[in-house]
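Two complexes, one shared chain (subunit A), two partners (subunit B, subunit C).
Moving on, here comes the complex of A and B:
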């Protein structure tokens, strides 16, 4: 699930937050929030996407900009709510 | 850091004896016919002998650092002025800056003014529709952008015949289309001397768009003499001194980012630091420590996010360099003031102003007693009162809620809404400029914010117009009708909530909610994106068919609904 999850998040970020003609590479370690690819407001739609996808509720205190700053950080956060095989 | 006397000294004495002339004299405003903001923020500082002083320390999100002296700002802004003039742009035409917080944003802002054009900064996170609305309204003739944001311009340029020049920075050698031209600041010929365009005090300078309840966003037009107010408020409210390293976290797509992120500090010859990064607690603290920031101007939303991260992280960094903290954008809650005093040893000083006022009009000042949660007192030279919302007469009873009103005539007051005289005229009642915010005065003359007097949503210090969101929502194929209101949010004060009635054949679902959210984010901006969508069968309307946003908003805030006699019976 780990690799699938990584791909799911990366694909979503590319589709929703990058321009169609962008050739920017997104990896599991690419800064998302601090680089401005996803701003703190847009983070809400990413959080909503994950919540709806996994049928979970990420509490506000856990939804920090740091927790969403990379795909790896997001996977770590999700690990608190769903079982992720690595 | 040793405690120095504040620039303002005694607030009461300053207020009693104030005259804007004092600021003009300090600036030598008008000497040798110089009134141009661009001159005062670059050439003049060099003429005063500070050409080698650092004007800008810039850090990118990946850690890259660039530094520019005042002489660099002068010659590089000359390059922009020279290049744009060579395209045949005429004085008074609008030139938009649409890019992230890279050095060229700050430098081109000065260059555009030096060439005599009106600078129109726009927030780089705007989607193509928000961008189109503002460029179309201003009949903007040129836009400076970067490759990163070019695709948004390309999507709308066919509908913008007035937009003759699309200047692309950091193009990285990629193919360009018709009307597009590359500009590389570092590679452009050095322009040692550029004849700064001679303006007078009332020549238009900056066009900032702001949102209202109804209609499209309005372009608040400012003039070059706004610098008289921006200079002295920077000196007295932000308390900037020659050795300070100043950090304003605002994006110049918004008025704080230009009045106090460019004009104010550079007219004073101050070194300012810019961090082109989104919010990140540890990186922000590390930035303060690394560059030894002394004066920090930020927003309540950011402060509340820092509070959320707790005190332990503060202790990891040496932040003793900080000596003065100021906040702007939305009311600063008392808890944030108390928290900052506890963790930084310094209280945040709240300041209040608007795009239309061009400079701070009410504030807490260094040395003045802070009442946590209060907006403070009127800036010297500003006559601020609370007026009755019906007769527009000042209310003299402490604690009585009314509308914040200012006596027109301060130098940085907007001179017009672009091509919108009726709306501009409506801002003035009974000889007062009506800010549109409700407040009360206490018995010591402190203002206390109560709320807005209209449906505009203040989210993280940015005003978002419900009409613009609702119009965009109707463009979504599933949406039949909609209403956008602000709902309470612990961090951002308010966030957008949309009530949506669907067209036949569409059913509410998680996927549809997310799709609508992202639709608005891309079309308008992340700020305008509803953070919650409630699907409803129909919306409450008056008998004349107008959606009663007030009702929906009251429900969100747990307020009394008030008069519903005009509500249509379903």
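Moving on, here comes the complex of A and C:
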């Protein structure tokens, strides 16, 4: 599930935040918020997407810009709510 | 004393951090009325220097217009200084009602309610109209006051890529099961001068049965043939459900804002919007002057026409000089420099040349999109514009950016 999850999030980030013609590469370690790819206001889409996908509720105090800054951080956060095989 | 050393140290460190990140904001003191030429004390303690102002939102030049100042004097004489009450106790005068009526007519809406500021209008309106079974679908670059207003509302929050109608449609499809939906956008985006395609937004709103809310602070008074705003520019007067706007920019520039739109929503704001209920409204002196402002702009398009001519002239000459200008028709003219330090250095050098402009960089604008924002006004005469153009040519040549494309500027200065 780890690899699938990584791909799922990266694909979503590309589709949701990058322009269609963007050649920006996104890996599991690419800073998303601190680099300005995703701003803190736009982050809500990603949070909603994950909540719906996994049928969970991520409390606001856990949905920090740090927790959402890289795909790896997001997977770590998700691990608190769902079982992830790595 | 509860403000002990620990607390003081905490905030001192916070402030130090802000300074270290280059985000510390310093005020510049102006020792003259707001106009084309202003006297600025900068840095603090320096003797006032006369500069041409290209960074005010004084689009129509009404901030110090003699008729507006006269109306303010009369307002002060006839209706006094303060109200010492919120609106619904004893804080509403006949001139407040008159201003709301005039704004309704000018904006082409059903009704209007004044707020102490547009920030307050945006803070109050969403919570009044929407609840947790509803959805707010906002452009990603909406003004901070809208972001704050949405945070105060229980409705589900969605956002779409800046000006991207296909992405907005996806979000409308995604939220089909919500009770009410509201598309939320600025009419004009303040950093780029981008204009929201309200005609397309209204089409989508009709197709998906969503309301439309527009903050038109950077358009009211001058955008569109009669200066009504972005909805007039896009041919959708009467179709916007909620317009919030400010009196603090083109409309005399003092303070105050409003919610204008569907009469039921406006009435709901009077009943439930917290910044309206729990704060005094705009003081009589400002209301009296704002009434004059609406009279002036409703009776003639002279000022907005001059602003349009000035904008066309400035944009054309700056392009001709080889500056990298973001395309558009709005008096916000972003001169793209991409690199934060370059934007700051050039703004400083332009100030030395007597041109007051400000450099903007991340996080105020996206990373790698640093620029100098120039704002044109109807109060600028051709010689003011020419002086600015000459100064940009001189300083642009110093930094070797004239005629250079984005990639070339980035190659020289980095992002």
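Operating definition for what follows: the second predicted complex is superposed on the first by the 86 of 86 C-alpha atoms of A that agree within 3 Å, B and C clash if a C-alpha of one lies under 4 Å from a C-alpha of the other, contacts with A are read in each partner's own complex, and residues count from 1 in each chain.
To be clear about the criterion, a contact is a pair of C-beta atoms (placed from the backbone, for glycine too) under 8 Å apart; a residue touches a chain by one contact, two chains touch by 3 or more.
Please read these numbers as outputs of a predicted model, since none were measured by experiment.
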- Answer with first, second, both or neither: which of subunit B and subunit C does A:69 touch in the superposed model? first
- Message: Going by the contact rule set out at the top, does A:31 touch subunit B (first), subunit C (second), both, or neither?
- Response: first
- Can A:61 be said to touch subunit B (first), subunit C (second), both, or neither? first
- Item | Dominant contact partner of subunit A by residue count, subunit C or subunit B | B
- Does subunit B (first) or subunit C (second) touch A:39, or do both, or does neither? both
- Task: With the two complexes superposed on chain A, say which partner A:48 touches: subunit B (first), subunit C (second), both, or neither.
- Result: both
- Do subunit B and subunit C touch any of the same residues on subunit A, and if so, which? 19, 35-36, 39, 41-42, 44-45, 48
- Task: Write out the stretch or stretches of subunit A touching subunit B in their complex.
- Result: 16, 19-22, 31, 33-36, 38-42, 44-45, 48-49, 52, 60-61, 64-66, 69
- Would you mind writing out the residues of subunit B in touch with subunit A in their complex? 61-62, 100, 125, 148, 151-152, 276-283, 305, 308-309, 459-460, 490, 510-511, 513-514, 517-518, 521, 526-527, 529, 531
- Inside the complex, what are the residues of subunit A that reach subunit C? 17, 19, 35-36, 39, 41-42, 44-45, 48
- Item | Complex contacts: residues of subunit C adjacent to subunit A | 140, 147, 156-159, 161, 362-363, 366-368
